[in-house]
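We just call them A, B, C and D in the order they show up, numbering each chain from 1.
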Amino acid sequence: MAGTDATTLPSDREARRHRWEDLTTWPLMLAALVFLVAYAWPILDPTLPTAVDRLAAVVMRGTWLVFLTDYVVRLRLAHDRPAFVRHHPLDLLSVAVPVLRPLQLLRVVTVLDRAIGRRLGSRVAMYAVAVTTAAVGLGALAILDAERDAPGATITSFGDALWWAWATVTTVGYGDRYPVTTAGRGVAAVLMLCGIALLGLVTASLASFLVDRYQDEDEEEDQARDDARFAALHDELRELRAEIRALRRPESL
Amino acid sequence: MAGTDATTLPSDREARRHRWEDLTTWPLMLAALVFLVAYAWPILDPTLPTAVDRLAAVVMRGTWLVFLTDYVVRLRLAHDRPAFVRHHPLDLLSVAVPVLRPLQLLRVVTVLDRAIGRRLGSRVAMYAVAVTTAAVGLGALAILDAERDAPGATITSFGDALWWAWATVTTVGYGDRYPVTTAGRGVAAVLMLCGIALLGLVTASLASFLVDRYQDEDEEEDQARDDARFAALHDELRELRAEIRALRRPESL
Amino acid sequence: MAGTDATTLPSDREARRHRWEDLTTWPLMLAALVFLVAYAWPILDPTLPTAVDRLAAVVMRGTWLVFLTDYVVRLRLAHDRPAFVRHHPLDLLSVAVPVLRPLQLLRVVTVLDRAIGRRLGSRVAMYAVAVTTAAVGLGALAILDAERDAPGATITSFGDALWWAWATVTTVGYGDRYPVTTAGRGVAAVLMLCGIALLGLVTASLASFLVDRYQDEDEEEDQARDDARFAALHDELRELRAEIRALRRPESL
Amino acid sequence: MAGTDATTLPSDREARRHRWEDLTTWPLMLAALVFLVAYAWPILDPTLPTAVDRLAAVVMRGTWLVFLTDYVVRLRLAHDRPAFVRHHPLDLLSVAVPVLRPLQLLRVVTVLDRAIGRRLGSRVAMYAVAVTTAAVGLGALAILDAERDAPGATITSFGDALWWAWATVTTVGYGDRYPVTTAGRGVAAVLMLCGIALLGLVTASLASFLVDRYQDEDEEEDQARDDARFAALHDELRELRAEIRALRRPESL
């Protein structure tokens, strides 16, 4: 447990990784926010001068470098590197695949995660709300970016985009607005998948809550029955002991 | 536990709050009904003379004052005020946010709640029916109010509005009618959320019912197995006792 | 238990009701089939001569009388009449409300029910398939009847109607076909409700199956642990008995 | 149990069937792939010369013969033939019904099944992904085949077909693209059913996972309580034994 060369001790490396993650939480949150502004602004205001547009692209590359550095450092400090890669797939995707960079915003969820603690029910609810909000918001931005200037497009303002995203994620799908470009359809396909996951999470949470309640009622009955059974055994043992004592008493009488 | 100044005793204040709630149940139901009429009438009949329209607005303000007063009284009588605010979020929203005033109608659910009693299954079913009915009815009124005079609107009669609301809450979403105003889309977004909740509740109730049934079958097997195990223990103890008695009998022989 | 006036004995009346239900099963199935033909034919072939149309109406009235008679007889033979009414709501609705007469076809489900036996899983699956098939088939007939001649109608053939009904019951709702009449929208509203119930049943059945499987695994572990615990108790009791025997043996030695 | 003619021994026949299935796994996978290419190519490229088209048809007939042979051999080697037919319905359908031949591709799932092992959770997830992918891919090919040249068709490219298939299987159903032919509507009906099954599987998996988690927590409490109960019994038995020993000790004192 106490080694001579601290830098090579796995548990020590893991501890350093956790210290690194604690230290970088808020800077990375800030980087995610800067990324969001640089990503959203040129989409929301297409009349921006080219210079600002280019600045936004540079800023986005900068935040990407920040997240890439963070990933590399954490990977190097990880005790079991292949396991680290497997357990943090979204982190890898968001730094490796350019179109998935908005996933860096999920870092916000990680922070909320720590704040909310370990209760399963509330964590599931929080993930559902966070992922849905992120999916609708980012989906609206991405679809607007893809569709706005396409011929025959029906989604041409952020209001349209938000409305379409919400109708899609709830699987209502009126069809008054729909993507016509390949990129837009890709965004839509991901949103539909989020919608199915959302429906599933809402239903599953409710179902597990109800099942848990029913079982608690059954459980109480079971406990009462078991209590009675064990009490019967104890009674019998007590009588046995009385009989054994009776064996001794004649001598003392 | 025994105090001198009864008015400051928490348990006494709580008791007074419950008496207040018992007393105001039916008056508040009536106020909710009056509110519904004053809210729905001008929407359903847009040819009403301006005077009646204004009267309806005054009546709605009056019912709002009634609900505001009720909320303030209950809050003052509450033992733990922050807890009261946290546990009655809909009551607060319905008096604080003007567009959410129709939520005052949910007071009807509270009354049904008491009538139906505590069985979890039937309470969930009742909430599903009540919330869906309220969502569809109020959603239809609100969407008609928002859309009727909008250019390019497809929802222009109460029949259209009800039809659209039902197609939305079931997540079918044909798209033959859809909102075009921002207010209408807001109403639609809430209805879609209700739809997901409805689907979730229906599924979760069925699932928990089925799981409960399966478990009752398993349960019976388990009980039979446990009965056999405890019976075996009792048999063994009975034999033990017989052997102990046999220790005494030689003397009597 | 053995009475003098057999006709007034409740258990005897119930037995006669069950004999009646056994005897009338196949005649009522036939009546339901005749009803289906008389209901569907004029809808599927609108070029029928008026005489045939009228004949179909007469036949439908005849089958209704058959079902009405059956309901009255069963009600009279029932031991607890209010309970009979409460437990057979669809039977009452199908004879009392003219537009719900197609529900008489659900009699087919009752017969299947007996054939399939009591296993919960397969009964739920069978109900889901039967109700969905009935809802889609009857919904298509009803919507075609309501829409065919309406101005602006998009559902004008049985193929369209079936296609629309299936897209509705699965909550997909393309919106390429949709009802425009009030009667048609009523049919659609019921179909959407069936769709939600179908989704709920499919999901709930799968969920309860999976939960049951997981629990069987847990169950086996629990049983093994309990077996070990009871075996430990039996061991201890056996040793106790050995010690008691050792008390006797010194005398015999 | 021990026979003279080994070829007629049921267990020996079953062993030979399993050896046959092991041997043919990869050749059948290859045949399925060849089938997929011969099926998809003429649909994806309608400008193919007639000769290639005919070649594709011949190749498809060839792969069908391969699968038919495999089915017949396995059926003959099966110990209980009616049970074999009942337990492999998709194998039978894919060789017996021409339009269902693409189901032969599900053979790929069988292979994955062996690779992934027996854990229920991951098997359900894998089935969901495999069936959805197969349904969307094959559905897109089939709908394109059915719709491309139909008058008034809205699905005329593979991109459209994939987009439509995904919007259908997630039950979003915008209605910007929809089938107009009877064959196309048949494909759509099957896809919608897959969509409901997908929603059900996702939800059910999540629900069973959550229920399992909740129960594990309850389980730990139960185990602790049971441990305490059994420990109390053991204590009492130990005391009993001490008393019995005390019966003997007086002699030794």
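Throughout what follows, a contact is a pair of C-beta atoms (placed from the backbone, for glycine too) under 8 Å apart; a residue touches a chain by one contact, two chains touch by 3 or more.
Bear in mind that the values here come from a model prediction, so they are computed numbers and not experimental data.
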For this session: Tell me whether chain C and chain D, two copies of the same sequence, contact each other through the same residue numbers or different ones, using over half shared as the line for same.
Result: different
Exercise. Of the pairs B-D, A-D or A-C, which one shares over half of its contact pairs with A-B?
Worked result: A-D
Exercise. If every chain is reduced to the average of its C-alpha atoms, which one ends up farthest from chain D?
Worked result: B
For this session: Could you tell me the distance, in whole angstrom, between the mean C-alpha positions of chain B and chain D?
Result: 40
Exercise. How far is the middle of chain B from the middle of chain C, if each middle is the mean of its Cα atoms, in Å?
Worked result: 29
Exercise. Tell me, which residues of chain B touch at least two other chains?
Worked result: 171-175, 199, 203-205, 207, 211, 215, 226, 233, 237, 240, 244, 247
For this session: Classify the chain contact graph as line, ring, star, complete or other.
Result: complete
Problem set entry | Of chain B, residues touching chain D in the complex | 171, 173-175, 203-204, 207, 211
Problem set entry | Of chain C, residues touching chain D in the complex | 159, 163, 166-167, 170-176, 198-199, 202-207, 209-211, 213-215, 218, 222, 225-226, 229, 232-233, 236-237, 239-240, 243-244, 246-247, 250
Seminar exercise, completed: Per the touch rule above, chain B residues touching chain A in the complex are 120, 124, 168, 171-175, 178, 182, 185, 188-189, 192-193, 195-197, 199-201, 203-205, 207-208, 211-212, 215-216, 219, 223, 226, 230, 233-234, 237, 240-241, 244-245, 247-248, 251
